[in-house]
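Pasting the structures in now, so scroll down.
Both complexes below contain subunit A, partnered by subunit B and then by subunit C.
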Partner chain A sequence: MREFIFRLFGRGRRPPDSDGDARPDGGTVTKEQTVGRSRLRDALDSDLLGSLPFWLPPALLIGLFVYGAIGWNVVISLTDWSGLGQPDYSSLSFAMYEEMLSDPTFWTATQNTFVLLIAFTVVTLLLGLLMAILVDQNIRFENTFRTIYLLPMSLSFVVTAIFWAWMYNPEIGLINVALRSVGLDFLAYAWLSDPRFSLAAVIFALMWQFSGYCMVVYLAGLRAIPTEQYEAARTDGASTIRMYRRVIIPQLRASTTSAAVVLMVFALKAFDFLFVLFGPTPGPSTDILSVMMFREAFRATNWAYGSAIATVLFLMALGVIGPYLYLQYSRGDL
Partner chain B sequence: MSSQTANDSTSGIDFQRIGLYAVLVVMAAFYLSPLESGLMTAFKSQEAFIGSTPFVPPPPSGFTVEPWFEAWSRLQLGVFNSLLLAIPATALSAIFGSLAAYGLTNVDWRGQVAVIMLFVAGIFVPYQSVLVPLTQFWTMVGLEDILAGVPLLAERTGLLELIITHTAYGIPICTILFRSYYATIDPEMLEAARLDGATVARIYWKIILPLSVPIFAVTLIYQFTQIWNDLLFALVLLTSPENQVVTLSLNQLQGSMVQQYNLQMAGAFVAALPTLVVYVLFGEQFAEGVAGES
Partner chain C sequence: MAQLILDHVTKVFDDNGSDIVAVDDVNIDLEDGEFLVLVGPSGCGKSTTLRMVAGLETVTSGEIRLDDRVINDASPRDRDIAMVFQSYALYPHMTVRENMSFGLEESTDLDGDTISTKVTETAEMLNIGELVDRKPRELSGGQRQRVALGRAIVRDPEVFLMDEPLSNLDAKLRSGMRTELQRLQEDLGVTTMYVTHDQTEAMTMGDRIAILNDGRLQQVATPLEAYHQPANQFVAGFIGDPSMNFFEMEMQGDRLVGQEFAYPLSQQTRESLGDAVRVVLGVRPEDIELVSEASGDHDYETVVDVVEPMGNENNVYLNFTADSDTTFVATIGGMRSVEAGQPAVARFPESAIHLFDAETGEALKNRSLDELENAEPRL
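Take a look at the complex of A and B:
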């Protein structure tokens, strides 16, 4: 992310002494002002006007479907729309948010969402880092190993949820069969239906699916570190573990940040996997905000209430991505 | 890279290397185990999968391909509809992404940073925060009434809505993928073409587009996988059973055939097959697409 943001914004910005400096903000220069300054007009014609047909249609689509919809969602959350009728926009209030704050289900779902967000992000990053370091050891068949580790990422959550429901089957699933075969019968729990373990079981399965992604991100980070640093650490007599802890891993901070942002945002919108495993009404141990939002809006037709939960989810995502973009900006990467 | 490693361990047996490969193989087994036990189970009869260890191949007496036929008959409509959805939506979002990336990268104009910001942030928006307006929007548009008289499209309005929706939400990530690639194109080459009098459109058509083949491959593969795998939008937007996509069909199969794990596993593989094929053939491009999301 850092790299592409850098490239992204590096090009958008002109050097201060380029010819573009002579004119004010390109978007506000009017035709009349530019008449007579033919070079400037040419620049405008060829650059801004010429580029409009390329980016404006997609930008309008995003404007409508993403930003327009988010705004509309906020407005709906202020109505009391439910059932089959149409929303009444004439009287707006925060009633749905008040209802939400006094709804114990909301707080349970929020708590689970945060547990999922933090635990899933941490374990997936750690496993991904470990896999990246292992794959980076000049191994044979590197491509094969990488392909295997990333494979779960290419599967639908519907598919992986079905696989893991079978893996976690208490009597004949692979996990418990394996545990029993090594004498760990007392650990053979009903992983998905036992409220003590169901969220952890979900996090473990999602870690399986996403750690390959983290591996790819970390691997790119590792490969960007010059080989001399490895050699220098080795000639200093540092052990492999020490070298990674002291020299290599601290340099992977940018990879960690960008992967963590993607994982956290995913955890906020994680829906498919839990929905396939537990349905729209999973019960308190695995209820999360995104599933609750779907249940309230599309099963109970409490549209305004669902929109209010969706607004909270959006703000949480903003809470993750906002500081991240700001961090990039203050580092000078934007 | 792997050719060097042969020299590394010429002096005797390197126990560290052996340990490393052991860990790599064990991890590969971990990542493959859900697929392996699913594949074995899909070939077992009901009695066989209840009576045998999940990852062991089926015994001759318990071997059957019946689950695959059953799964295919239940999912074929979904597979067909998913192809109808994923192919145009993938192509459209990639084309829009390419156009937008060009207009926001290789054509230099002031203020593009702000527009790019909106594109980047669009990648991270949780879809839940647009779902209710989205359904309301499509209800208000009333595509069914508009296309009531059009022969082939009239029954496919749900899919059409889904195609447009996926295209719109796919544009941000496609644009970013294209943009990181276009940023590496030598600006002097484009400047030379501009001085020769080539228009913005002509430069795109004659220079940028021919250079875009590798990044089109990455974007198409990544986006196809994303759209094929999606459940949420389909769940919310598709109403008629004839338009059901494969993720919906599979979810239904899982819900109705609770104890028939062999059928469930065969169904999971049928639904995953196109993405698995794409992944095996174009793993590198997929990895690039995945990495671009970060």
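Take a look at the complex of A and C:
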């Protein structure tokens, strides 16, 4: 038993060609000894078996609770399960997806989801980049600024949603009070309830929360660029703006990609923030797929329809992450 | 083409309230088309000096003039100076062509076609013509080095600044590039300031070398002057490999007396010493002769400690006695066989010795350059 455990934990991974004639300790092993036990021994000695206790339990748990759940969700979306009772797995069809295509609410929600996805990602990346460049100028209290900018990221979305609900309050909200105090009364809109502004208001609030994260990602990217790059660009005669545009920012592509993927995946499931602000029925101007999924599944108990929306969301997330993973894979980083 | 003048240039860094003088009152004039090598140990301020000329550091006091134009506060863009970095600092996301065009695009008003022609010409000149569409990461160290040079050359600047451009190359490539760089600079005739810590590069490449230590300029001279007539003990020890041997001595009558040996001086040498009492005797390893028998005043019985065979020559480390701590080096021909432990007689010819003031380090007596053989190559 002791020997078994010993072997299991990766002792003696002999190279396959060391056919048992010489051992590293200087002794020799005769052929007869190895032949009988070699197959079992090779199996026990293999990396796969030796590493099994480490990766198998978490792999099983993740397989069951993540991929198993996703698979089950897909199966449910193929049934017509709604209301109380159990799903009927005997007749599976794409009826829910067909219904979805003819549902105008679905299309508004999809459109809003995409607007949120793209506008939020672009604006947040730009602001994060700008802040990172400013913080990178060897300013005083750099760490303090970094912490202040990153802090919103650590707050719960429920907290920030309520916080922004107050900020946007048309009567007593800080924004409108500030606008009125400088005589810009005509700009004091009802930000969250006016369909023209509500989605933009959400994007602005999310940008506030996430630009600090982008800043940190970009700051790490900037720090990885050697000083000589800046100096070479300057002796080449580039102005500061052109130096950043032509030399520095193109070198931040890896930071941009990884930050963008995180932001886009978040935008797809930006459920809690919108749910806290608008509840399950936000109306067409701020309805997004994840809120719609919740509404259909847990309010209207259209379980199968909700699952279908969830599947679409999952595929969209996969569409964001897939290319990124492929890129990493083809670069050999994975 | 231009004349570059550093006039009492000083750089003081502020390190949390305390001042650190990196460059202290340096005066250097570079003639038009001259190749000047700035050499010194790490932290001597040579790179800082170069960076001040490039406009990457501010000048605390003094003036940097380019053809009578003070450029202390000019932006790098307005200086017309190109710099080659130790790490090459090629832009990794650009191809070789884009790397080389960048400077022209940013600092001139040339149109795209002209830039493209210039880049192609320069790349051809440097034998990297077929590499112009590659990215830096696809190039070898030597090729990157050429691109870095090309990036500077293509701009046709008034002054080249080079910050240890060869130190990232392996030894073989380095000596090749050394020759090539020298030839290029001669062909182009651009005033060049070259920083290195490698005294071989300094000796072989420069029209003149400027030796810096601790931010202070020690000497500006031709390589041979610096080698044979060093201004002070630091220069004497820094230039030359293996370094000059130094012995602390005291003047007693007509002899120099040290811990291990005494060295009689001729009347003429004594006069050059003035009234200095404590001096440092310096003698270059190749000037020490190993003879079979002690016959004169300047011959000393020694024991061979270590022998370093270099092939063409042997570096022989000698002790005055077997258990002495004072070791000095003599360089002898590679064909002479010497073994550790063997006794040897070392001769320090008086014509070859250098004497330095022990307090200030200043040279009191150097060998005269008149002895230099003027060998005309036969054509």
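In this section, the second predicted complex is superposed on the first by the 283 of 334 C-alpha atoms of A that agree within 3 Å, B and C clash if a C-alpha of one lies under 4 Å from a C-alpha of the other, contacts with A are read in each partner's own complex, and residues count from 1 in each chain.
Here is the rule we go by: a contact is a pair of C-beta atoms (placed from the backbone, for glycine too) under 8 Å apart; a residue touches a chain by one contact, two chains touch by 3 or more.
Predicted model, so just to flag it, every value in this text is computed and none were measured.
Overlaying the two complexes via subunit A leaves subunit B and subunit C side by side, clear of any clash. Of the two partner chains, subunit C is the only one touched by A:Glu228; subunit B is not. In the overlay built on the shared chain, the residue A:Pro250 is in contact with subunit C alone; subunit B does not reach it.
Contacts of A:Phe271 after superposition on the shared chain: subunit B is touched, whereas subunit C is not. More residues of subunit A are in touch with B than with the other of subunit B and subunit C. By the document's definition of touching, of the two partners only subunit C reaches A:Gly237; subunit B does not. Judged by the touch definition given at the top, the superposed model places A:Ile148 against subunit B, while subunit C stays out of reach.
Of all Cα pairs spanning subunit B and subunit C in the superposition, the closest are 5 Å apart.
With the contact threshold set out at the top, not one residue of subunit A is in contact with subunit B in one structure and with subunit C in the other. Those residues of subunit B lying in contact with subunit A across their complex are 1-2, 4-6, 8, 20-21, 23-24, 27-28, 30-35, 37-38, 41, 49-50, 53-55, 96-97, 99-100, 102-105, 107-113, 115-122, 124-137, 165, 167-169, 171-172, 175-176, 179-180, 183-184, 194, 199-201, 204, 225, 228-232, 235-236, 247, 250-251, 254-255, 261, 264-265, 267-268, 271-272, 275-276, 278-280, 283, 286-287, 290-294.
Residues of subunit A that touch subunit C in their complex: 226, 228-229, 231-239, 242, 246-247, 250-251, 253. Those residues of subunit C lying in contact with subunit A across their complex are 51, 54-56, 75-77, 81-83, 85-87, 89-93, 102-103, 106-107, 151, 155, 161.
By the touch criterion stated above, subunit A contacts subunit B in their complex at residues 1, 3-5, 7-14, 20, 25-27, 46-48, 50-59, 61-70, 72-73, 76, 87, 131, 134-135, 137-143, 145-167, 169, 172-174, 177, 208, 212-213, 216-217, 220, 255, 258-259, 261-262, 265, 268-269, 271-272, 275-276, 279, 289-290, 293-294, 297-298, 303, 306-307, 309-311, 313-314, 317, 320-321, 325, 334.
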